[in-house]
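Have a look at the structure below before the remarks.
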Amino acid sequence: MRNFWEKQSDMQRGALEIEARQLEKQFGFFSVLRGVDLNVFKGEFLTIFGPNGAGKSTLLSIFSTFIKPSGGEALVAGFDVFREKQQIRKLIGFVSHHTMLYENLTAWENIQFIGAFYDVPDLKDRCSDILHSIGLYSKKDLPVSTLSFGMRQRLAIARTFIHDPQILFLDEPYSGLDYRGASLLTSILDLMKMDKTIVMTTHNIYEGLSLCDKIAILDQGEVVYKSDQKPSGNEFQDIYLSCVRSGDRK
Amino acid sequence: MKIAETDPFSFKEMRKALFFLTFALMVLGTWMTFFYAPTEVVMGHVQRIFYFHMGTVWAATVAFTVVFVASIYYLVKETAKWDTLAYCSAEIGMLLLTLTIITGSIWAKPVWGTWWTWDPQLTTTFILWVLYAVYLLLRSGAGGRGKKARYSAIFAIVAFVDLPVVYISARIKRGISPVVFGPGGGGIDPAMMQTLLVVLLGFTLLFILLLRERIRIMNMETALYTRGR
Amino acid sequence: MKEILLIFRKDLLVEWRSKQIFPTMLIFSLLLLLIFNVAFEFRSDIDFHTISAVVWITFIFSGLLALGRSFSLEKENNAFSFLLLIPVSRSYIYLGKLLSNLVMVIVSEIFILPLFLLFFLFDAKGLSLMDTILPFLGVTVLGTIGFVSLGTFFSSMAVNTKLRDMMLPLLVFPLIIPVIITSVGVCSSILEGRPLGYYAFSLQILVCFDIIFVLLCSLLFEYLIEDSGD
């Protein structure tokens, strides 16, 4: 079953962008990931569903080099997450429901501070382009703490694109967003999925399904379902309920 | 299972052998302390507590070194067994060091006329005791097992590097150091030396015995804890 | 190098905008000064060693207060996570934060020091700039490097523990004993007007301490912040 799935993908797609082989992670004596296998090809959009505590965030944290896996291997853009962290960090962007902004700095300073670490040509132009594109250029000199929640969220997402990452990791980006924020995020992601490889975890079935090219369901640290086609909403519900054994594990 | 029962060097047998050897050496050491070693000329009988004092401080030092080495291994390998080793060793080290301080005080009162003095060695011992205490406190307050293990390993490494510096800086103010067996303490009676060596060996074995037992209990705890999941 | 300076600049900018840490540190030091004076019953015959001890207790207490805060600020909105995504060695992040903390603590010490000497020595006439004030400041900088290096390191650990800010002094105080012994000793020797040879050994220990722990901490920082996941 798995071989079939991989072969088909190989024929359809170009290079492998993200690869996990028997990925393991333990926190103390508590397994969070047990033998996760995943492939994402260049330009694909993968949505990972699963109950709370299934290990979705941990998986993304490993791909984005926040944490080290306990076993197995993981490659991002051909680089090993154990040894080639810096190369990976140059290529990825990470969005979570935390804004990760400095409240006391202005919008401009927040963006510029991060941008200065990457070799961005014409950093100033790039910063103002980004602020223009999210309609915050007029507020660029205001401290982030004075911006509304939606603006901050926009800024946080926009900041991720300062170095034009080719791979994006989104960890529950929809949680905490109101309707407007969510639809804005969806439209940004719609645009991004043209030329970027994206992995997203979410509980929002509607957005998760409409954006993605393929899905995976994680439960108790294992991939219990993965499919190259995206199912319809009704199909998905049946699949999810049949795959996921635990809904309320601690 | 069968192999374990018939094998003469199985864990069970080793455990028994270690237990009896430790017991024998500790009894022998105690006997030598009181009846074999001659009475010290200046200090009198109170000097005899020094054998146990040396035994505990030696074993506590070994324990501290074990914590240090196991902590480095944990950071590199991230396997739980190294953390278990470090933690168990720290607990026993804390116990031994407490005994060191108590026996030292008992010895110091009649000899120096005070229970405590801020002599370089005493200062360093005291700080080592505090470091052990903070290490154990850090473990109880760190959070999850992984974080607990990593944080305490880092603290143990920094503490181990720190301790010699503490000793050197404490020596800036010269104190009354208890040179009993070292150079400057004059010639040492061979019987005293033999007693000391037996006691040191006894305490080393006691430390190993306690460490193994503590690790066993810890592993059982872990097994119980994970079975509930 | 560029990265260290970027983080340094950002930290100072955040502090400049929020004005949280620096004024707190300053006022805290002033209060300690008051408490010591009250506790000593405003006596004027306090010896130099006691003055040095009081000065260093104040420096370390107010300094640790600031250090505890510096990582709590990063934890707001998880901003620190974003810093970890930047393709830069973890040691540089540590060194950048160390540098900004050092500047903040040293500047506050420079503000506090004259007041201290004034309140305890009552007249600063006997003190010459070259023989007393500058060496005193030099030792202050060295001692501050010593306790801020460990303080910065462990504050990133303490914010992730359950005890949080309470954990920081517990972790740092026993480790900085050498800094306290040597700094207080050297400072009182300077105030007493002793020659350099008298306290050179202490100074050497202090410098060694600084070098060892800045290196060790920047080396271990990678392990310290690796995951805050559990």
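Here are a few things to note about the model shown:
By written order: A, B and C. Residues from 1 in each chain.
Everything that follows uses one rule, which is that a contact is a pair of C-beta atoms (placed from the backbone, for glycine too) under 8 Å apart; a residue touches a chain by one contact, two chains touch by 3 or more.
Remember, it's a predicted structure, so these values are computed and weren't measured experimentally.
Taken pairwise by the contact criterion, the protein chains are fully connected, each one touching every other.
Simply put, of A-B and B-C, more C-beta pairs touch at B-C.
Averaging C-alpha coordinates per chain places the centre of chain A 40 Å away from that of chain C. In whole angstrom, the spacing between the mean C-alpha positions of chain A and chain B is 50. Averaged C-alpha coordinates give centres for chain B and chain C that are 34 Å from one another. Those residues of chain A in touch with two or more other chains are numbered 27-28, 30, 68.
The residues of chain C that reach two or more other chains are 226-227, 229-230, listed in rising order.
Shown for chain B are the residues in touch with two or more other chains, namely 144-146.
Those residues of chain A that touch chain C in the shared complex are 27-28, 30, 57-58, 61, 64-68, 86-87, 89-90, 92, 94, 96, 98-105, 109, 113-114, 116-118, 143.
Chain A makes touch with chain B in their complex at residues 26-30, 68, 70. Against chain B, in their complex, chain C makes its touches with residues 150, 153-154, 157, 160-163, 167, 170-171, 174-175, 177-178, 181-182, 185, 201-202, 205, 208-209, 212-213, 216-217, 220, 223-224, 226-230.
For chain C in complex with chain A, the residues that touch the partner chain are 2-3, 6, 10, 13-14, 17-18, 76-79, 81-82, 84-89, 226-227, 229-230. Residues of chain B touching chain A in their complex: 78, 80, 144-146, 148-149, 222, 225-226, 229.
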